[in-house]
Amino acid sequence: MFRFEQPILFKHCDPAGIVFYPRYFEMMNDCVEAFFDKGVEWPFKDIHKVGAVPTAEIRTRFIAPSKLGDLLVLGLNVTKVGRTSCGIAISAQCDGEVRFQTELTIVNVDNSGKPEPWPEQVKQRFLDQSALA
Amino acid sequence: MFRFEQPILFKHCDPAGIVFYPRYFEMMNDCVEAFFDKGVEWPFKDIHKVGAVPTAEIRTRFIAPSKLGDLLVLGLNVTKVGRTSCGIAISAQCDGEVRFQTELTIVNVDNSGKPEPWPEQVKQRFLDQSALA
Amino acid sequence: MFRFEQPILFKHCDPAGIVFYPRYFEMMNDCVEAFFDKGVEWPFKDIHKVGAVPTAEIRTRFIAPSKLGDLLVLGLNVTKVGRTSCGIAISAQCDGEVRFQTELTIVNVDNSGKPEPWPEQVKQRFLDQSALA
Amino acid sequence: MFRFEQPILFKHCDPAGIVFYPRYFEMMNDCVEAFFDKGVEWPFKDIHKVGAVPTAEIRTRFIAPSKLGDLLVLGLNVTKVGRTSCGIAISAQCDGEVRFQTELTIVNVDNSGKPEPWPEQVKQRFLDQSALA
């Protein structure tokens, strides 16, 4: 599991005093970006020289609200490694309470947007991560 | 179908020149907000005096990228009307090409976050909308 | 004066129920983008093929808070036309009450970020707009 | 000086591959929020139980662009301590190069939005910080 800490800040919260849900998707993107940076060691700044890793599908259940001052811990697991795609699950908790759970599929594409096989070393990192889950 | 136009602006786009996907969730929220305002005639400013309509679950497929200057047309349909929840489907197109499809469930809650039955008139508007789909 | 309407939506508002100020800068950017699109007839999607128009300096006074459901009217005036820069003033009102006032300077740059003289036709539009102020 | 690190992430960057300037204002707000949390020891979650600290005025010069993967270091100084207001200056650097400089004035208000004198301990922290500048 790749672990990512996310404090709930003022900018995340809506007039009801809880996280505005589109902001959660920014957090998920930040978590995936940190995973590629530190877990896969293929940082976004390098990826975007040759292509991109767009999200093809995402499904999220918002289980309990989060509020200003909470510290979320996002746990990311690789659930499926395909030739050009990768399945990821993220669960976010605060003090042992699950706040949201999400599953997403990302795809490796070249600069023209065409799916491209993962570099061998990247695929291996996904598999290593997957085994740790 | 409730129709909502969304031009793709500079703020929506990422270094790859296409919409950054968390921005799509802002658009979906704006579309649901416009639907409550104009389709249901229960605007968010009134809802938030007595409660809220948080999103409990959302699933999205990103089918084709959108870029600066595109005009998206989001079509919203009510797919399920429950006692305290409501199922919504949104499909976004540009020049006849589908860009994303999403299904979400919203819940009517009171100020303490407890699920609350929809007001009768609101439920009726959902059913009217549902019949139009 | 170039006029731009901006309804205050749920996404703009913070836990105090008023607009989170960084969101105002998105609105100003949207207003400048609409001005280039409709007032100058040099849309951002065309500008960004050959360069960009970054903001070099901006100064804003937040005079009164805005809340969910307000309709802001932003009035944009060109205040100074330079060789490679342009001064812009924006005043935002709601029902005759000023909400914020801002002055900004944008610069025309080429793809390498180097200042570039405005195209003659663009400069003329700025001057026409300036005369209308 | 209160020091705040801000890595430039994918979400901050525009189609030109550099930070979209409204995102800088989110960073400034995050920096002020962190300063209240760690430097002043009056966290936003406590402030917002009794009032707020809205920004009344802000002036920013964008000196050089920032790009994906940069690590910005924001240095915050208290420049003026008033009865109900506080002047703050922030300078952001990356590898010794200044990226932006900003001056802002925040005001302490109660729940009705009326200016309120700073709590004595908060004022003292501002003065301590000011002396360190």
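As written, the chains take the letters A, B, C and D, and residue 1 is the first residue of each chain.
Simple rule for what comes next: a contact is a pair of C-beta atoms (placed from the backbone, for glycine too) under 8 Å apart; a residue touches a chain by one contact, two chains touch by 3 or more.
Bear in mind that the values here come from a model prediction, so they are computed numbers and not experimental data.
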Which of A-D and A-C has more C-beta contact pairs: A-D
Equivalent interface positions on chain A and chain B, same or different at half: same
Furthest chain, CA centroid comparison against chain D: B
Euclidean distance of C-alpha centroids - chain A vs chain D, Å: 28
Gap in Å, rounded to a whole number, between the CA centres of chain B and chain A: 23
Mean-CA-position distance for chain C and chain A (Å): 34
Interface hub residues of chain C, defined as touching at least two other chains: 10-11, 15-16, 20, 22, 26, 29, 48, 68
Parts of chain D lying in touch with chain A, wherever the complex brings them together: 9-11, 26, 29-30, 33, 43-45, 48, 67-69
Parts of chain B lying in touch with chain D, wherever the complex brings them together: 10-11, 13-17, 20, 22, 68
Touching residues (chain side chain D, partner chain C) in the complex: 15-16, 18, 20-23, 25-26, 28-29, 48, 52, 54-62, 65, 113
